[in-house]
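Chain nomenclature is as follows: A, B, C, D, E and F, assigned in order of appearance, with residue numbering initiated at 1 for each chain independently.
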Amino acid sequence: MNHGDFLKDYRIKDEPYYRPQAEEIALFTAAYERRLPVMIKGPTGCGKSRFVEYMAWRLGRPLLTVACNEDMTAADLVGRWLLDSDGTRWQDGPLTQAARHGAICYLDEIVEARQDSTVVIHPLTDHRRQLPLDKKGELIQAHPDFQLVISYNPGYQSLVKDLKPSTKQRFTAFRFDYPSADVEAEILARETGIDPGLALRLIGLAESARRLKGHGLDEGISTRLLVYAASLMADGMAAKHACRMALVDPLTDDDDIRATLEHAIDALFG
Amino acid sequence: MNHGDFLKDYRIKDEPYYRPQAEEIALFTAAYERRLPVMIKGPTGCGKSRFVEYMAWRLGRPLLTVACNEDMTAADLVGRWLLDSDGTRWQDGPLTQAARHGAICYLDEIVEARQDSTVVIHPLTDHRRQLPLDKKGELIQAHPDFQLVISYNPGYQSLVKDLKPSTKQRFTAFRFDYPSADVEAEILARETGIDPGLALRLIGLAESARRLKGHGLDEGISTRLLVYAASLMADGMAAKHACRMALVDPLTDDDDIRATLEHAIDALFG
Amino acid sequence: MNHGDFLKDYRIKDEPYYRPQAEEIALFTAAYERRLPVMIKGPTGCGKSRFVEYMAWRLGRPLLTVACNEDMTAADLVGRWLLDSDGTRWQDGPLTQAARHGAICYLDEIVEARQDSTVVIHPLTDHRRQLPLDKKGELIQAHPDFQLVISYNPGYQSLVKDLKPSTKQRFTAFRFDYPSADVEAEILARETGIDPGLALRLIGLAESARRLKGHGLDEGISTRLLVYAASLMADGMAAKHACRMALVDPLTDDDDIRATLEHAIDALFG
Amino acid sequence: MNHGDFLKDYRIKDEPYYRPQAEEIALFTAAYERRLPVMIKGPTGCGKSRFVEYMAWRLGRPLLTVACNEDMTAADLVGRWLLDSDGTRWQDGPLTQAARHGAICYLDEIVEARQDSTVVIHPLTDHRRQLPLDKKGELIQAHPDFQLVISYNPGYQSLVKDLKPSTKQRFTAFRFDYPSADVEAEILARETGIDPGLALRLIGLAESARRLKGHGLDEGISTRLLVYAASLMADGMAAKHACRMALVDPLTDDDDIRATLEHAIDALFG
Amino acid sequence: MNHGDFLKDYRIKDEPYYRPQAEEIALFTAAYERRLPVMIKGPTGCGKSRFVEYMAWRLGRPLLTVACNEDMTAADLVGRWLLDSDGTRWQDGPLTQAARHGAICYLDEIVEARQDSTVVIHPLTDHRRQLPLDKKGELIQAHPDFQLVISYNPGYQSLVKDLKPSTKQRFTAFRFDYPSADVEAEILARETGIDPGLALRLIGLAESARRLKGHGLDEGISTRLLVYAASLMADGMAAKHACRMALVDPLTDDDDIRATLEHAIDALFG
Amino acid sequence: MNHGDFLKDYRIKDEPYYRPQAEEIALFTAAYERRLPVMIKGPTGCGKSRFVEYMAWRLGRPLLTVACNEDMTAADLVGRWLLDSDGTRWQDGPLTQAARHGAICYLDEIVEARQDSTVVIHPLTDHRRQLPLDKKGELIQAHPDFQLVISYNPGYQSLVKDLKPSTKQRFTAFRFDYPSADVEAEILARETGIDPGLALRLIGLAESARRLKGHGLDEGISTRLLVYAASLMADGMAAKHACRMALVDPLTDDDDIRATLEHAIDALFG
């Protein structure tokens, strides 16, 4: 893959829909100017990835996203030798591609990755901005446009899975939460076409469920699930069925919690 | 394997026998129209896989089924490099095949899989509908016909093996249970040819056993095992032997539970 | 290995000696007619494998036996890519061979295998009768003659090592135990040539030891060990030496249990 | 990579900015004269890596840095065989490169590495100064200029992750801490251009936070994070926003600690 | 390696020195006549391996010995595919070699091996006498001369590391112990040339130490260590030094046990 | 690597400096005459490796040293197949090289190695003196000059990491400790050139610290660290700085222990 191809494939073509909530755009822009590494915290489905996509579009930079997982090794980020007809051939991993060609590299849910994946980013996140490819014997000096962005969900934070202090101390950070009711209603209407009153009723249901977080639910109902429910309703499904299928059944099998949620649905849409 | 071959091999040729229980067909169809990811929950042998097969036939889409297991890695879903006479050659995994060619991909018992297998589906399940092949350096935009369906059995749900909230929040969901007695009798008669009265007696036995779930049995007797017993009886085996072989011996070695079940068999068929 | 070779190598040439105990032959035959998967339960050395071998001979089907173990992976059953002079070459595993060519595949002590090995058999054990070779991109429709048989020993059953309910619910099952005294005596005489009176004295010893199961012995003395002792005696070794070598020393190093067994030997043969 | 290339790529071109704190430069120089191995201890972001970089520049030696991690094996340090068009080819790891060509090898956060990585350095750290490449069958006598430097953070020290006594006994050691307030202010002004008064206010905030170490914070605010905050302020961001983004959000999600820190920010900059 | 070479390399050329203790030679010979699998139990260094070597010589069979260990896999016993200039080539493991060419295969300390290594021997140890090479697709019928012998040390027996009942029930067994004093003295004199009186004094020391087994010593002093001590004394070392070096320092660092043993040495040789 | 090269590379060219402490030279020589395996026990940095190096020089034998670690496998000792332009090629490991060509093989800190590494040495340490290369199908008869030497540190001895009795019973053994004060002073003066009075003061400090072993220090100050301190002082560093850098900072971060040691330094050199 040559440089030109690379830039083309990972560039965001159309402006993603993003509804700002505070001063996050100005602050991210300032961090990018200094190329400071950025960490974005917040619950599932609150718009973290959408924000990064929007900033990549706004800053005109290609975006490489990596969904981290506990079986991911440093080689999955940095690259590895592959066997070819002429012997071994080096394949850059997504982090190396981003550092070499000047993209924003977004490591989604970084705490899920194995430790070698988090340590490998260290030399890219201080004054050196270097990535040593030990297995290839090459020392990459990051492209001037390169920036590293990571996300993580503090709700998962535990003694077993947390970033090491020596990693945390390399990032500036934002904390996200679900949007306020009026912003969220604007998002639902914009994405599915349902009318604002219906959107606000769905959000009322979500707010009830979010109060159950830690009391039987691991996480509240995300904006994404609200979009699912609204789109099923926009296609003519009954509110009761759409809500059960998008907002209840995915989240829990606990009979008490289910009864509470079903009761709220009946009250709102019955 | 080229595109045409692919479509042919995995397309369901004949209408599978499926007996609807509620509005699941209309709701699945609506979810497919919006290409929302679908999760199907329910106990073993209640017809989850059969329903997915039926919907694939009804929607005219090829179906790729993957039986998930705890040794399955992301590469088993996404693909890997193989060594060929001309060096390495990329082999698409079933998830990649489905995303590339526009099939329904059905991940059966997803909670059994390792976490990297569940995280790899994330970018396919939000607005991006993308599958990054990090090891190949390719970013696949899912075919417009592609849909992701997963199943899982809440009875197995535990702290150790459960979907992460960030995965759950990407799916709409259905909850299945064993069919009602008359529906189940219709299924037994249709599949094995036994007469309805005998079918209802077998179902009566199953309902007794299902009440033992959590009291010595991990799960109740499934519709599948009832079909086994009915087919042995249809071939002339004594009811007592057929029931022991299909409904008792596979499920338990506990002497008390066995005595309870044998007693019920004697009462019904003795 | 072509189809013809395959059939030849794994076909049982001579009728194995098998002494029926109840109606297991008729029931197994009925299950085979419907191609229902069969599970055989029972203690070590009671004749489970011999029964399967006999049925394969009687039904005229080739038999592939796999001794399962905790390091066995799905690839050991299904097959894998091997490197050849022309690149990679696919090698069918025993399960794939059996499904492709129409043999009985016997997975001995299935609970010892890793979970991926048990999940991989699922699509072969329901109405689909399919085996997806994900790594090869091939979907095998099982040969009409194919049947799956598994064995397991309930004495080992524990929370850690047990079949998942979703696996159990795919099998019909038989429970075996040690033969009755007269049947066992007939077996000893037939296999080693010792006279029936001596055989019954050995079986008396075995029955004493079987009562110690769970009280210092993990399992009772199997029919196989009785055959060992009888054959050493048939070759002229003293009963005392033959019994100690075949029935005591293999089973235990506990001094109390040893004294009990030695005492019984002295009483019977002293 | 030939010798000349190697020396060029890893040589520090420009004098790194380093503000000495005590007699560490003279002592490191003396240790280097005798080629004694050196261990540098201290908290995250206090300047350990910067000091090693400065000493490499001052001594005119190339510097190879390895960020250790728990998945790193001895082969990652020493080297491995790679497959080439002419068969296998040996690739020196960074430790071997440094020993062969006469560089300083800096193993950052050595306790994170697996034990084989720490044992492999033993023969390089006593009178032998040898590195056996067992897998290659070569015995390297270290270049006269080679020196080994390691770092570790005693705050992480635990029974599980600590250097073995037989490793510790091979090193001389330095203990670093955060710079004194006036030195740290000088660093902030020099690196970001903010005025000294503002720098001292930021350091006052850091000193408050450092007192929370062990009382809700794993580590205090590092000099590096202070540089981040100062640079955002130098670019026009409000102090409140810059401090939250650089000094609060990266470190903690604990509400009490956050309130304490936000309160201190208000008091200093409100 | 062709058949002839194989027979030659592993055949015992000269009669090993072996001093019988009871009827073990006749019993082993009878077991070999019936090709019954044999298990030899006993403490470290009591002569188990020497006995097997002697029987192989006496029966005129080649002997393959495998020292089992916890990292040994079934492939280490059975064989594996190797890459060759013409692609992959199958390499028989020692168990396969023995079964194919008709040798005695001796698995030393079998309980140390992983479970897959022990299960793989099952079909070789019942009436089938087969070894399925699943990875090669070959079913080996054991050579008529083949016999399997295993050893294990009951002193190590624990819940974690013990043979499974289904493995034990496949073997006849011998229990060995240290030789009686007069036999052991004969062995020492024969192997090192020291005079019988000195040999008996060494054995007296060993017997004191053997009584400490389980009271500070894991095992008693073996015949092998007595041979070491006697040979050092035969070469002129002082008894005190030879005994400490061969009988005390290898076994323990416990000061009390050391004092007891040193005291016994002084009493006997002082 | 041919035989001649091998002998040359690993032969000790110059007499290593070694200061005998008791009769260890005569006893090692006697053990070597009989080719008895030798185990050397003692704390870190007391001169174990130096003694082995000296004996190899004195006996005129090449020396192969392997620093054992918990990730080391039997293949690292014995050898493995490598891929070459003509297919696979066997590479002898260090143990095989030593056994084949007649060197002394020194396995340093053997308890750190995985069990397969320790079991693989068994057949080399009894009357057989053989090394079976199972993976290659070769049985090596050890060269007449070959000897095996291992070291281990009883201070690390634990239930988890200890040699198995069946391994211990194959070795003669020496126990080393730190040298007496006058011998240690002679070593310091000889190695660094400091005057004997200063050397004795350093040793006084070490003896204080050695009494803290088990009371806050894992091990006492080794002779090696004393040589470090003495050499820094010989180069003009202040005693206070040299002692802190060589004798305090490498060993501990415990404030109490540090205060005790600093106090002792002040008293001796203040």
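Note that a contact is a pair of C-beta atoms (placed from the backbone, for glycine too) under 8 Å apart; a residue touches a chain by one contact, two chains touch by 3 or more.
The structure displayed is predicted, hence computed values, not measured ones.
Here the chain-to-chain distance from subunit A to subunit E, counted in touching steps, is 3. Its C-alpha atoms fitted onto subunit F, subunit B is found rotated by 180°, rounded in steps of 5. On a Cα centroid basis, the chain most remote from subunit C in this structure is D. The chain with its CA mean position farthest from that of subunit E is A.
Averaged Cα coordinates give subunit A a centre that lies 30 Å from the centre of subunit B. Distance from the subunit A centre to the subunit C centre is 52 Å, each centre being the mean of its Cα atoms.
The multi-chain contact residues of subunit F, meaning those touching 2 or more other chains, are 83, 86.
Chain-to-chain contact here is organised cyclically: the chains close a single ring, every chain touching exactly two others. Traced around the ring of touching chains, beginning at subunit A and stepping first to subunit D, the chains run A, D, F, E, C, B. The part of subunit A that touches subunit D in the complex is made up of residues 23, 26-27, 30-31, 33-34, 36, 39, 41, 73-74, 81, 83, 86-88, 114-116, 118-120, 122-123, 126-127, 132, 134-135, 137, 139, 154, 157, 164-166, 168-175.
Those residues of subunit A that touch subunit B in the shared complex are 1, 9-10, 44-45, 49-50, 65-72, 76, 80, 82-86, 89, 91-94, 97, 108-109, 112, 153, 155-156, 218-219, 222, 224-225, 228, 231-232, 235-237, 241, 245-246, 249-251, 253.
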